[in-house]
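Some structures to go through are shown next.
Here chain A shows up in two complexes: once beside chain B, once beside chain C.
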Partner chain A sequence: MSNTVVNNMAAETIPTTKKRKYFSHEGRWGLILVSPYLIHLIVFVVGPLIASLYFSLSKYDMLNPPKWVGLENYQKLFHEPLFYKSLWNTIYFAILFVPAQTFLALLLAVALNQKLKALKLFRMAHFIPVISSWTVIMYVADAIFNPRFGLANTFLLKLGLDPQRWFNDEHLVIPLLVLVAVWKGIGYIMIIYLAGLQSVPNELYEAAEMDGAGTIRKFTSITLPLISPTTFLVIVLSSITTFQAFEQIYVMTGGAADISAAGGPNNSSLVLMLYLYREGFSFMHMGYASAIAWILFIILFTLTIIQLKIQKKWVHYD
Partner chain B sequence: MKNKKVWSKVTGYSIITFSALIMVMPFVTALFNSLKTYKEFTAIPPKWIPSVFQWSNYSEVFKLGNFFHYTVNSFTVTILSVIGALLSCSMVGYAFARLKFPFKNTLFVMVLGTMMIPPVVIIIPHFIIFKNLHLLDSLTPLWILEWLAQPFGIFLMRQAFMGIPKEYEESAKLDGCNPLQIYWKIFMPMCKPTLATLAIFTFMTKWNEILAPIIYLTTNEKYTLPIGILSLGGQWVGNEQYMVAAALISLIPILIVFFFAEKYFVSNFNNSGIK
Partner chain C sequence: MKVKSWISIITVFVLILVLALTGCSNSDSQKTGGSTKKDTPKSNDEKEVTINLGFYSGGKSDEKMQALIKKFMTAHPNIKVTSQSAPYGQFYQKLDTQIAAQEAPDVWLSDGVLVMKYAERGAVKDLTEWINRDLNKDDYYGLDFNKDANGKYWAVPQGIQIGVLYYNKDLFDKAHVEYPNENWTWDDLQTAAAKLTLDAGGKNANESGFKSNNISQFGLTFFSITEGWFSVLKSYGGGVLDESMKKSIIHSDENKKAFEWMVDGMKRGILTDPADLKSFQSPMAVFPSGAAAMRIGIYARVLAANEAGLNYDVTVLPKGPDGNRFAPVISNSWVINSKVSDEKAKAAWEWIKFWATEDEVQKEWAELGEAVPVKKSVANSDVFLKAAGNPANKKAFLDSFEFAGALDTNAVWEEWVAKFNEHAQRAFLGESSIEDSLKGADKDIQKILDEFYKK
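The block that comes next holds the complex of A and B.
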């Protein structure tokens, strides 16, 4: 400890010329080492942000240079029924997904938090869907939900119930997609909650038990408030990723074979990102697609601000 | 009191076991499906377990179309991405953790800001950039961005480097080392676990990526596994059991990586999540 103090004192008493030289030497090294990010920031973030804003105010099909049209893309957007349908689909998906995954992951984390044996095994089992690509998930889900060969309909038939069209059913497709998405991601959220739970001091539970609190009382008065920062984080991150959901919908509703088929039977699972992809990369309406992108950005931004404001009412920080 | 503890443990075990079965069972079903003959695969009602395990399905997959190309492409993109991420994020993270340079604080705020920008707003301009660089329909756009220090990696490495005691640098500086040597010879070797975490995370993200491949790749031979397998699905109607086998094969590398490095994966997901 005293060595560092002596070293620091020595550094401060170095004559001024050497100090300035040292700083610019270090400064240059700093800039060199940080240069990959500098390139990233300027070429791949700031530039694109400005460009995409410009594109959203232009007509751009990639064959000809962008042609300025002002707010025309946005006007078209606000009169397009398909935009509203995709917006609703996205919101519907998020409303089902976020509470379901948040609650179930917490339940699992609480169950797993009791220092059970074979923790590693359980964790690994829950992570297999997490580390799989959506292509893998599609084939795995198909083993269950294929209308002809899948286990689900076989099971229903055995019970004497009608087989369902599952992913080909306009009303079932989004709930099913949510079910698969929750199943895929829950292992990861469970781990995040587990870490949050483990930071709750045991003494609090013991004290509550001595006051006669039951399991549910302990959960609602101790656990929930103390992990509310974690819950907040989970909800914000889940909402942001869900609103941008693309790969799952593309893969599981057959986008690879036919992009116009993607988005469920009759666009009933067309989410915003898929609508954007279709308009931009299939129809080459790059300007219009950029406008969709900015609307999505504004929605996400607003959503996050609202969540940040509401958090004061329910999130407890020590 | 003791009864309550037993009950809660039993409930806990039941919930977790039930949940683990739900996680694994669909994969097991798909595995069994991949080991069926086409007749068994399309039988109604289907049998859960095939009568004879057709392990040959798996070797047949490698003869399918461009499956071998897809595998090579996936490995190329993923390995190049991992190397790039390890090098660039550690360089930048080290600079933020230990060096003084102009605009350092502003830049770090930008790193935070970059993390919050949804990719959707910038993918179209990215596409235009690569188009102008004549890099469309090549693997390059898929891994090159990892060489430019993605924010998540910067955070991870900066955090790790900030935890290294200053004494190591001090003695190296007195020996006349420049920052690059300090970075390479002292800091990097000391942060192997964090480097492992970054490597695994990058591996998983890139191996499974779908959006970038479908945007940038148009020739079938250049496809990566996730989208290549989907393209096989269209051509190989009449042998769906091979498709399932192909998908499960693509799961193997990431499964192996995960199995051996699970502790790095999980512990650092915790740390980065709760900040």
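The block that comes next holds the complex of A and C.
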């Protein structure tokens, strides 16, 4: 039975690669069967993509039809200090967040890959923040960093130091947001790393031990290279999430109560997505917001291409 | 052959796309077209019209609104009202996209500060003619706050929010400070507030060793535009926009003096600064939680204060140095969608008239305690003035209409307020001088205005 199928397929693949008969019986069925996906793709992905490109080249306040203005939105964007500020804030967030989360998640995964008692409990404990909503996380962070009632200031005052403003301090806000983001996200990355670590064959470690390799040597020469594809995946995923960071900063800087407060204090945590949202949905500059979205897309695209190019130097696939 | 098959593939794609798109637009035309069809055939003597009513609400107000809609339909058997409601934030987010898709409600409740945003972008109907014809303007509060610089009316108030000074009697008694009265100036307020500001060690702002960076009780809580800087600027003779609402008048000596008063208060810890507010769950929570002796507050704030069981009262806001006074007003209003048919617009107008003119409706809505009634006769009756519960001096809200004004609302209100807050915040936190902040705000806000108005 299976043989005949294989034979049939082999027999048919030859002519179809020569003459692409899309409207043969099978071709038609193929298209019909993938059409739900195609329709979804066209209506919900390609359509909005083209629409947003068009909006980015027009003046559009949502309440009236868009008016074509050419590259005006992009010109305005490149002359707007707030755009550069939000771009820098986004990059700064990424510079702190991506290495910190990757490194700490790896450490945690290695630690929780040992034979420990109550291992599942530990893994679960680290995963709880991942499934909690940002609002819940905000309250937890507030219990620590609230300038009036928080643990952090109580502690500083006990030591005789000056209390800090934490999330309301221009210089502390991004590092603190990163700290909280790492705490929330680390469980998820840890799971990815655990899967990577478990795919490393034990024989390699045994062989290395026979050759007299120590723990550190085994980690740097076996574990790290073999999980490099996982590390690559983690880095790509977390840089994309940082560039798309919105909910956390919106919630934690009080955007729900007052949109002009979001990204504060003094726009020092205004990231690109937040800037885009504010311009588009609060100030009705949908054309300008679409231009921001396209710039964001170009940045992410370039970044991913660079990461793909660099990976050849350090990522080892089997 | 190859080219041909590519063409056919593209044809299929296009067909699918067209199918999908016509699918969308079909449902569109069915909705709008269908409902007009529905309006016509059922008529016996009069045509039946269906209007869709949009409003933002919480639990209690939602029930009340539904009850009032039922009453309206009994009184107007030829008008059928369907409704849609959502909490404040979601309501407006949805509304903007609905307008974009031409699916917006026929008549909706607009936040007072957003009326001009919709009016100047052509999304709502000019109501001047109907208002002149059907409403006696002297009978209502707040109609003029939705009038634009050209004298056109765009909306009819649904309920009024007006700012007064709230004070916590218990905290005043404890500090042996006299209650605020209608003769207070902003300086009197600050003198009293200093005695009412306590640090974590219990020292007040006048005592030596008082720590202004660790405060447990503020003299006055101060939040953003409506319940913060706007009335101070105005009573000092300053302001943000001129009468045309297209020109910034921010960089003035009057505003500078007003800012000096505010920044001085914040530096001394007497007034909450923007960072202080962040340590509360919401900037609105400071007064109800008993962490501030006074607040500038609109009428709706009585709800939270009463819920917290506070022993408090209200009085009119203080005077500026030259005796000017200013009470900020937000008149949340009914607006009619500019895209609806005449028939529907007329039916929507019936609803608005029903709301504004019927005493019964006004009384029932006043019972919720969310807003000052729009109809003067109801607001001045015992239903409002003698309603149970604090504050005792509800007359202060009505007295404040004498020196009340809107918040310089125009099409780009949200945008310029955000920009103003940004610059004001820097001055409030001591990160830039008052002069620089005002100059910066003036420049940036003028840019926003020019961009919108000089098309």
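Convention: the second predicted complex is superposed on the first by the 280 of 318 C-alpha atoms of A that agree within 3 Å, B and C clash if a C-alpha of one lies under 4 Å from a C-alpha of the other, contacts with A are read in each partner's own complex, and residues count from 1 in each chain.
Assume a contact is a pair of C-beta atoms (placed from the backbone, for glycine too) under 8 Å apart; a residue touches a chain by one contact, two chains touch by 3 or more.
As the structure is a computational prediction, the values presented were derived from the model and not from experiment.
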| item | value |
| --- | --- |
| First (chain B), second (chain C), both or neither touched by A:Ser260 | second |
| Touching partner for A:Pro81 - first (chain B), second (chain C), both, neither | neither |
| Partner chain in contact with A:Gly160 - chain B first, chain C second, else both or neither | neither |
| A:Ala195 touches, of chain B and chain C: first, second, both or neither? | first |
| Which of chain B and chain C A:Tyr250 touches, first, second, both or neither | first |
| Dominant contact partner of chain A by residue count, chain C or chain B | B |
| Chain B versus chain C as contact partner of A:Phe149, first or second or both or neither | both |
| Touched partner set for A:Gly212, first chain B, second chain C, both or neither | neither |
| Contacts of A:Leu31 with chain B and chain C, given as first, second, both or neither | both |
| First, second, both or neither for A:Phe281, with chain B first and chain C second | both |
| Common interface residues of chain A - those touching chain B in one complex and chain C in the other | 23, 31, 38-39, 43, 62, 148-149, 157, 256-257, 281 |
| Chain A contact footprint on chain C (complex, rising order) | 1-2, 5, 8-9, 12-13, 16-17, 19-21, 24, 89, 93, 96-97, 99-100, 117-118, 121-123, 213-214, 216, 224, 274-276, 278-279, 282-284, 412, 414-415, 417-418, 421-422, 425-426, 429, 431 |
| Complex contacts: residues of chain A adjacent to chain B | 3-4, 7, 23, 26-31, 33-34, 36-41, 43-45, 47-49, 51-52, 55, 62, 107-108, 110-112, 114, 116, 120-129, 131-136, 138-144, 148-151, 154, 157, 183, 187-188, 191-192, 194-196, 215, 229-230, 233, 240, 244, 246-247, 250-251, 256-257, 273, 276, 280-281, 286, 289-290, 293-294, 296-297, 300, 304 |
| Residue numbers on chain A that touch chain C, as the complex places them | 19-23, 31, 35, 38-39, 42-43, 61-64, 146-149, 157, 162-163, 165, 167-168, 170, 254, 256-261, 264-267, 278, 281-284 |
| Sites on chain B touched by chain A in the complex | 4, 8-9, 11-13, 15-17, 19-20, 22-24, 26-27, 29-30, 33, 41-46, 48, 88, 91-92, 94-96, 99-102, 104, 107, 110-111, 114, 116-129, 131, 145, 147-150, 154, 166-167, 170, 178-180, 183, 204, 207-211, 214-215, 225-227, 229-231, 233-234, 243-244, 247-248, 250-251, 254-255, 258-259, 262, 265-266, 269-270, 273-274 |
